[in-house]
Structure formats: C-alpha cells, structure tokens
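Each of the next two complexes has subunit A plus one more chain, namely subunit B in the first and subunit C in the second.
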Partner chain A sequence: MAISSATKAATDALAVNRAPVSVGAQEVHKWMQSFTWDFDKNRTKYSTKYKMANDTKEQFKLIAKEYARMESVKDERQFGSLQDVLTRVDAANRVHPKWNESMKVISNFLEVGEYNAIAATGMLWDSASAPEQKNGYLGQVMDEIRHTNQCGYINYYFAKQGQDAAGHNDARRTRAIGPLWKGMKRVFSDGFISGDAVECSINLQLVGEACFTNPLIVAVTEWASANGDEMTPTVFLSIETDELRHMANGYQTIVSIANDEAASKYLNTDLNNAFWTQQKYFTPVLGMMFEYGSHFKVEPWVKTWNRWVYEDWGGIWIGRLGKYGVESPASLRDAKKDAYWAHHDLFLIAYAMWPTGFFRLTLPTAEEAEWYEANYPGWYDMYGKVYEEWRARGCEDPNSGFLPLQWFAENNHPIYIDRVSQVPFCPSYCKGASTLRVLEFNGKKHSFSDPWGERMWLSEPERYECQNIFEQYEGRELSEVIAEGHGVRSDGFTLIAQPHTSKDGKLWTLDDIKKIGCVFADPLKAL
Partner chain B sequence: MANIHENPNRDAWVKKIAAANTLAAGVALLTDFRAKHLSPFKTDFSLELDGQWIELKIEQKVALLKFKEFSDTQILNNNTCGTNAQIVADVVLAKMDACTDMYEAEKIHINFRLANKPPVMPVNVFLDTDRILGTKLMELRNTDYYALPLEELRKVRGVKVITLQ
Partner chain C sequence: MSTSANAYNAGIMAKSGKDFADEYFAEDNQVVHESDTVVLVLKKSDELNTVVEEILLGSDKANNPTLVVEDRAGFWWLKANGKIEIDCREVSELLGKKYSVYDLLVDVSSTIGRAYTLDETFTITSELMGLDVKLKDLETA
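What follows is the complex of A and B.
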C-alpha cells in the first residue's frame, strides 16, 4: 500500500535522525526540527497576501511538555497566593473602590482579547509551514487559553471576595448597550481574527502585544498596587511572563516573510493600519482607566504612553525590524498628539453615558482635579468646570433628575461614534484631535473622527458595518433599553452602573432613569 | 413596545420562512433576501437590526430542506441548484484571476458570497474558494494603498460628503 508523502517524509527524517534517547527538552526540540517537510503545495485555510518561509526559527525552543511543567509552577504560585495569603488578609476589600471598578473593565475586556488570541494564534499555526515557527505559535495558543482563564478568575475573585460584585460577575451581558464594548471588539476581536492572517499577526503580536501589553499589563500592575490591589499584579505579572514569547512570535512572523516580495508591497501599510486600529481604542481607554479609575496616581498617562509606545516600541522595537524593511507607522505622530487629551475627552463622554455601563464611575475629587491641572495645564477650563457643574446639578443623586448626557444636548454638543473604531467622540467639545467627517454611501450616513480611519473605511467598507448604539436604539427610552440589555443588578431594578462609588450614596434604579425621559437619537439623522 | 429580540419584523419573516417548503423555494428566498438586505451595496436599510437573525433562520430552513431532498454525495458536491459546486467555483475563480481592478474584484467576491454562502454551496468548496478570492482581493486593495488622496478616494468610492470639519 502506498504511503502518503507526509508519512514518507517523516520516515526519511527518522532514518537520518533517530528519535531522542533521553527526554532532554532541547534534544527533543532539535529532533522536531528534522520534520521540515516539503511544503511546496501546502496551503493555509486562511487568506493571506504573504508567503511564510519554510525554515523560520523561533526563539524560545520550548516543547509542549516543558511548557506545561513551567506553567503549572506559575499557576501554583499564583492561585496559592490568591487563595491563601490574599484571602486571609481580606485583600479584595482593601482595594480603593474606584480601582475596583476599573478592574471590572480591564480584566473582563482583556479576557475577550485573550480568548480571540487563541483563535488568532491557531490561525497562524495553520498559516506557517516551518515546524519551529508552528511550535512557537502552539506555545502561544496554550498561553492564550491560560490567560483567558486567568482574566476570568480575577473577576471571579473580586466578585467572590471583594466589594460590589455586580459587573465583575457578568459583564458580558451588557455588551449590546455599553458604548465601550464595540470598540473593544474591534481591537481585541476583529483585529486579531479577521482579514489577512499575517495582518492579524501584526495586529495581535507586533502591535497589540509588543506595543500595548507593556502599558496594559505592566503599567496596570503599578496602578493596581498604588490603589491597594494585590491580586492584579499577582495574576497580570504571571501573564506578562508569557507575553515575551508572543512578542518573539511577532518578530519571527516578520522574519518569515522578510524575503517574500509581498512584504515590500504590503507590510508597512498593514502595520500602519494595525497600529492605528489598536491605538485608536487603547490610547484613550487605557489612559481613562488608569487616571480616572484610580484615586492614587502613578504618573500621567501621556508619560507612560511616550515611554512604552513612542520610544520603546515605535523607536527601539520597530527599529530592530528596520533591516527587514519595517518602518515606524506614519500614523504614530498623530497618535502621539492624541495621547495627551484623548482620554480626558473620552471620560467626559463615558461619564455622561454612565447608565449604559457595567461599572461605577466617579467624578474627580478636588485633590484629583489639582493633579490633572498640574499635569495637563488647561484641564480645569475644559473639563474641571464641567464636572463641577454636573456635581452641582446633582448628577450623583437619583432624586436630581439630571443625567450629564442632558448637558451635551442642552449645549448642542452631539456625540458621534466613529464607524471604524466604534469609539464615541464629541467634535464640538474636545481637546483631542478628533474632527467630524460624515459621508453618505448608498443612502446611509457614516461618521469618522480621523483621516486614517476614513481611508480604512473607503478602502474596504464592508468590513465596518457594525451598527452603533444610537442607530440600534434610536427612538427607544433609556431605562427600557437598559432593562432589555440586562444592565440591572440581581434585584431586577437597580442599575449595575452607578455615577459614584460612595457607600452612603443612593443607587439609581430603572425608575429614576425613566422619570428623566431620555430617548436615544441618532445624531447623523440631523445632518 | 417591540424590542430588539421580539418584534413584528421577525414575526413576519418567521411566517414567510415557514411557508417555504421546497429546497428551490427556500434558496430563492435566501438569495433574494441576502441581495436586498445584507449586501454591502444595498440601498434598503429597513432590516438593519434584524437582517442577520432573519438570514440565520432562512439558512437553517434551507439546510434542513437540503438534507431532506439531497443524497449524501450531492450534499458534499453540489450547490442547492444541483450544479456541481466546483464548476460554479471555477467560473468565479477564473473571473477573479483575470481581474486587475480592486473595485471589480470586490464585486466578484461579495457577489460570490451572497450567491453561494452555505448552505447554498457545500462548505468544503465554499471556504477554499473564498480564501483564494479573498487573497486576490486583498492583494489588489493593498497595492499602492496611499496612491489616491482622500478627496479622490471618496470620488472613486462614490460617496457623498455630508460634512468635513
């Protein structure tokens, strides 16, 4: 009976290089390299413009069995600390309430990213042909499964051991109404798993992991510690030890296509689009979570951003890839401008739309306002005085009948949603770089907040068809939408989201929202 | 008030779908629905909120009718119209192979999906064809990506500028 070419290749390889006689990890890894089959006719299940080389190496040279031993030790330490020491000292109740809310967003959203990264790296495993490169991606698939569990566990731990479980325990049910969800899905889901397989690697590994995991997963541990959170550093630093492997995988993806002529045609365009996609969401959202979701500040977000994104990634990391023809993204300079004010603009809108969230937001205290003004001169005149007005009108009190969203309407400052990034913006009241551009295509209007996104949409409009909440719920009353979108606590009428974290403050209910009579309107209809 | 999950649009379509009792009728309903309500080039946005849910329900019905009327061999090899799926795919692949214009290429790819997305075409043929078409489309789209200024790109795409601030 004829044997398949694959079986013959394996048999021939074994004839030259017998199976290892010991279980030394490096010996096994070396043996595995001999399985470099002829992949001339190999094809991936996924579309890609690039051809990955058949002899690409990977840097970690870790076999699955060694991987499992290493990770089990890390898991023992992590879960042991959480379950034993941290539970005994009641660590979850020592977290500052504002930071407790930030972790509802950060860990729930990162869980989505990790989950999609499982699929993304599985896709890359299928797309690569070099055994070593496949082995690197295999390690990452297993990492991402582990990280998904870890992120889920953080929220489980906070919900079980800490304060205000609502939002930690079941955030995903609010995904249809929360204005931050769709943008998060754009970067953490769509960016990682749709389109060109190599472009997905660029989104995930070269930008998401090499650029934004430093500010996300490393910086978050500093902010957590400063705000009394001992759990997050325990888990997130354990995650971060794996991220180096992922950055190395991203590097090797580029190495594998460096000699493909497609790289010179497409690579820098894909990198620029991937960078803009990722930064458009992460720059404002991370800055907002750190600065407005904490009481004790570490450093201004703009400094963190400049160090990790602009200098470390845009300069050093991309610089190292220069020999393969990779250039710093042209959009990096525009992103740098946005890193100063974009998160302040976003918090203004996020606070105004608080009833649609799954977390409690808090207005800056007087002490915090001083910190903002000292680090972002001009902050008070633009934002501080607005927060004072909202507070004076009773925005935290359910009896006030005031939602900050009304302030935007009263002052004729419509809030739009960028079609490509799904990030909300208010062009008539912002200090960031957002500019309104509205196009009509086949009778439907689309709003954009920057030229990079507009070009992405003009080039492939079918990729960005996601409806935003203003289109989805136009004409519907807010409390009705919140109830339909599961935005209430287990009593069935108190909102998960609240505009304060005060223990003495009253909690808003559906009735409080209903009394206000707030109705969704699509601002594009008015144009 | 009708909500996003239960509303008159969905009720009306559930009745229409129930009335399609042959494979031919189900496929006609599906392809017509996709072209009118799910195409990126559509001009009717009346089912923006419910379109994908309705498509799912029609697809489910077509799949059941297909298994009722087709043999195992036909299910693996034929489109719902009875034509060999690979022959249908090859025609589209040849057209795409000859194509050098990105706007023409996106029409080829999108129309292929609208007409053949499973359960119309067997998955084994559809996915591989979709991969090849997608690869070519991406190559055309990403070549000289920044060649046109935005003003020109808007004109080529055929959009109307409502406001630029």
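What follows is the complex of A and C.
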C-alpha cells in the first residue's frame, strides 16, 4: 500500500534528523520544522499576487508546549492582579471619569480589531508554504483569540467594578449610528481580512501591529496610569507581549516575498495604501482619545506619534528596508500634518455629534486650553473660540436647546464622510490634511477627504459601498434615530452619550433631543 | 534626565510649541530616515525589574554604552544602537531559579527591530535577519 505524502515526509525528515532525545524546546522546534508538505493545492479565501518563499523562518522558535506555558503564566499574572489587588483597592473607581469614557472606546474598538485578526492570520496560514512561517501565523491566531477575550474582559471589569457602566457594556448595539464605528471597521476589519493576503499582512502586521500598536497598546498605558487607571496597563501590556511575535510575522512576510519579482512592482504601493488606511483612522482617533479624553496629559499626541510612528517605525522598520527597494510612504507628508491637527478637527466634529456616540465627552477646560495653545500654536483661534461659544450657549445643559451640530449648519460648514476611510470631516473648517473631492459612480455621489483614499477607491470602487449615517438616516429626526439605534440607557430614555462627565450635571434624554428638531441631511445632495 | 541621543525625549522631542512645529514640518523631515537603533518595551515584573536593574544597567552596562533605559509607569522603555541581548542563563543564576528565554518572553511587551531567540538568548538587533543575516537554528551535538 502506498504511504501518504505526510507519512513519507515524516519518514524522510527522520532520516535526516533523528527524533530529539531531549525535550529542549528549540531542539524540538528544529526537528518539527523539517516536516514539509506539498502545498501546491493551498486554498485561501483571497489569493496573493506575491509568491511567498518556502524557507521563511520564525524568529522565536516556539513550540506548542512552550507557547501554552508562556500564555498561561501571562493570564495568571493578569487575572491575578485584576481579581486580587486591583479589586481590593477599588482601582476602577479611582480612574478619572474622563479617562473612564476613553476606555469605552479604546477597548471596545480594539476588541473588534483582535477578533478580525483571528481571521486575518488564519488566511495567512493558508497562504504561506514555509512550515516555520505557518507556525508563526498559527501562534498569532491563538494570540488574537486571547486578545479578543482580554479586551472584552476589561470592559466587563470596568462595567462591573467601576463608574458609569453604560457604554462599557454592549457598545456594539450603537454601531449603526455611531460615526466612529464604520471607520474603525475599515481599518480593523476590512483592511485586515479583505483582499490580497500579503496586502492584508502589511495592513495588519507591518503597519497595524508594528507601527500603531505601540501608541494604541503601549503608550496608552502611560496615559492610563497618569489618569488613575491601573487595569489598562495590566491587560494591555500583557496583550503587547504577543504583539512582538506578530511584528516579526509581518517582517517575515516581507522577507518571504523580498526576492519575488512582484515585490518590485507592487510592494511600495501596497505599503503606502496600508499606511494611509491605518493612519487615516488611528492618528485622529487615538490623538483625540489621549488628549481630549484625559485630565492629566502625558505629552502632546504629535510627540507620541513622532516617536513611535515617524522616528522608530519609519526609521527602524521602513528605513532599514530601503536597500531592498522599500520607500518612505508617499503619503507621509499628509500623515504628519494629520498627526498635528486631525485629532483636533475630529474632536470638534465628535463633540458636535455627541448624541450618536456610546461614551461621554467633555469640553476642554481653561487650563487645558492653555496646554493646547502652548503645544499647538494656533489652536485657540481655530478651536478654543468655538468651544467657548458652545459653552456659553449651554451645550452641556439639556435645557439649553442647543446642540453644537447646529453651529456647523448656522456657519455653513457641512460635515461630510470620507467614502474610503468612513472618517467624518469638515473641509471648510479644518487644519488637518483634508480637502473635499466629489466623484459620481453609478448615479451616486461619493465624497473623499484626500487623494490617497480617492486613488484606492478609483481602483476598486465596488469595495467601498458602505452607506454613511447621513445617507442612511436622511430626513429622519435625531431622537428617533438614537432610539432605533439603541443609544439609550436601561431606563429607555436617557442617552448613553452625554456632553459632559460631571456627576452633578443633568443627563440628556430623548425628549431633550426631540424638542430641538434636528433632522439628518445628506450634504452630497446639496452639491 | 538623560542627555543621550537615544533618550525618550531626545532631539526634537525636547522642543515644544513653535520650535517643535518648525522642525517637525521641515522639508527634510517629510521622509523617513534610516535608523540603526532598536527599541525594547519590557513590562514591569519581579523578574524584569531584576533584568533591567542588575544586568542591563548593572553587569552588562559597559558592553552597551548607548543603551538608555527609562521608567514609563507600567513599563521600561529601552533604546540602543545596534542591538540589545539578554542571556537567560545569567538571569537564572541571578534569580536562583530556572528561567528560560520563554519565561523572559512573558514580559517582553514590544520590539522595534528584529527580535529573535537562539537557545537561551534573546536578541533584538537592527540587522535585517533573514535578508542580510541568516537566522540560525539551535546547534546540537
């Protein structure tokens, strides 16, 4: 009887390397990796235009036994800290209320990214042919499952142990109305799991993980600690202990295609698209969460970005690969402008649209305004004056009858949604790298905020058909939409989102919104 | 505060307001610049605090004069030219218990550079492992 190809492979491997006599992990790893199978009939959800080499290595030499032991120790330490000392010292109630709100966004959104990364790395496992590379991707699949649970757990912990649970629990129910959700799905979902497998790896591992997890999962712990939150460092720094293997996986993806002819044709375009896709969302959203969602500031967001994104990721990852033809991303200039200004632009819009969120926002205090102006000269004239006007008109008070969204309409500053990134922008009132472009396709108008996304859309417009909230709810009254989109607390009428975090401040209800008579309009219809 | 070029707030990061903006938006800084440095983030723990204080800033300090270590609340942030190496046999001796390279990885939070293990040594290097330099397997008798 003919032996199977797997049995033959094992027999051949044993002939070359006899089975290890010790249980040393790296000796076992070396032996295990000499198993090779015929991957000619590899089946992947999306194929890749690159040919991945079949001798790519895995940098950490992990076997299942060491992996499982390592991860169980991480979990013991993390859950032990949370359930013992942090609960005993009532840590969740020591968090500054503003930061408590930021964690509603950060952890809920990261959970979505981790969940999609499970599928992304499964797809990469299918695509690769080198046993060691497959081993690295497989470890990452298991990591991403762990991270999804960790992100879910931290919101559960905040909801159970801390202050103002609404939003920590069940944030997803507001996903149809929240203007930040769809952009997050573009970077954390679509960018990771749809399209060329290697392009997905560049989005997820080379840019998302090697670049943006450093501010998102490492630097965030500095902000958390400064604002009284010791749960987030406990969990997020533990998540990041797996990310270094994911960064290595991303780098080895590049190593595996470095000698493929397709790399010289496509790699720089794919890298630039991935960099722009990821930065377009992470840059303004993280900056907004750190600076506007904290009471105690660590440093200006632009410095965090300059260190982790520009100097270290740019210089140490991308710069070092220059001799292999990898170029500085063409969109870097615009990304740098965004890192300086786009989070200020986004907060202006996010605060104006606060009723559609699942978290509470707070206007900058006079002390904070001074900090912004000192670190971002020109901030007050652009943003500070507007916040003063909104506050004077009573934007925090449900009896005022004023929503900041009205200010945009009164001053003829329409808010658009960028079709590709799904990030809202106001081209007539912004300092970031956004300008309005409108294209028509199949009888429908599409707005874009930048040439980089526009170019991606032009190459595959059918990919970006997601309706934005202005199209979806055109002609509908705001309180009706909030009720339909589950944006209320368990009493059925108080909004989850609020325009302040004051314990003494009144909470807005559906009735307060209804009496204002705010109706959704699609700005593209007016063009 | 460290005056090393590898410090957390070195160079442009020490500037603020308009001075920072002028350098940040300078034409020369609109493209990435290749760097020979590496960055390591170590989660604070009983073992890692010992590694940092007793080995990296203690017995090994003379081997790597460019190494900067900064306390960033929940983690240690390290930056050096070329590479940073941690030999876990040395850590085992110091801790008085078996401590493998995989025990070390429990608390290594982030890396910028090419990180790898070989036997009981953890290395992060600016070299392009797998491209310029081959990644080695464990050599056994």
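Keep in mind that, in the parts below, the second predicted complex is superposed on the first by the 507 of 527 C-alpha atoms of A that agree within 3 Å, B and C clash if a C-alpha of one lies under 4 Å from a C-alpha of the other, contacts with A are read in each partner's own complex, and residues count from 1 in each chain.
Just so we're on the same page, a contact is a pair of C-beta atoms (placed from the backbone, for glycine too) under 8 Å apart; a residue touches a chain by one contact, two chains touch by 3 or more.
It should be emphasised that the depicted structure is a prediction, and the values quoted were computed from it without experimental measurement.
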Quiz prompt | Simultaneous placement of subunit C and subunit B on subunit A, clash or fit | solution = fit
Exercise. Once the structures are superposed on A, label A:Arg173 by its partner contacts, choosing first (subunit B), second (subunit C), both or neither.
Key: neither
Quiz item: Put simply, what angle do subunit B and subunit C open at subunit A, by C-alpha centres, to the nearest 10°?
Solution: 130
Exercise. Have a look at where A:Arg320 lands relative to subunit B and subunit C in the superposition and call it first, second, both or neither.
Key: second
Quiz item: First (subunit B), second (subunit C), both or neither: which does A:Arg391 touch?
Solution: neither
Quiz item: Is A:Glu480 in contact with subunit B, with subunit C, with both, or with neither (first, second, both, neither)?
Solution: first
Quiz item: After superposition on the shared chain, which partner residues are touched by A:Asp196: those of subunit B (first), subunit C (second), both, or neither?
Solution: first
Self-check item: Partner chain in contact with A:Asn214 - subunit B first, subunit C second, else both or neither
Solution: second
Exercise. Examine A:Arg77 and indicate which partner it touches, taking first as subunit B and second as subunit C; both and neither are also allowed.
Key: second
Practice problem: Identify which of subunit B and subunit C touches the larger number of residues of subunit A. | Solution: C
Quiz item: Between subunit B (first) and subunit C (second), which, if any, makes contact with A:Lys431: first, second, both or neither?
Solution: neither
Exercise. Would you give the minimum C-alpha distance from subunit B to subunit C, in Å, for the three-chain superposition?
Key: 19
Quiz item: Which subunit A residues qualify as touching subunit C in the complex?
Solution: 20, 24-27, 29-30, 56-57, 59-62, 66, 69-70, 73-74, 77, 210, 213-214, 217-218, 221-222, 224-226, 230, 233-234, 237-238, 240-241, 243-244, 247-248, 251-252, 255, 258, 300, 302-303, 306-307, 310-322, 324, 328-329, 332-333, 336-337, 340, 374-377
Quiz item: Which bits of subunit A are touching subunit B when the two form their complex?
Solution: 43-49, 176, 195-196, 262, 265-266, 269-270, 427, 435-445, 451, 454-455, 458-462, 465, 467, 471-473, 476, 480, 484, 527
Practice problem: Spell out the residues on subunit B that touch subunit A in their complex, using ranges where they run on. | Solution: 1, 3-5, 40-43, 45, 48-49, 106, 110, 127-128, 130-132, 134-135, 138-139, 141-143, 145-146, 150, 153-154, 157-165
Quiz prompt | In the complex, subunit C residues that touch subunit A | solution = 8, 12-13, 16-18, 20-21, 24-25, 29-35, 37-39, 41, 43, 45, 72-75, 100, 102-103, 105-119, 126, 128-131, 135, 137-138, 140
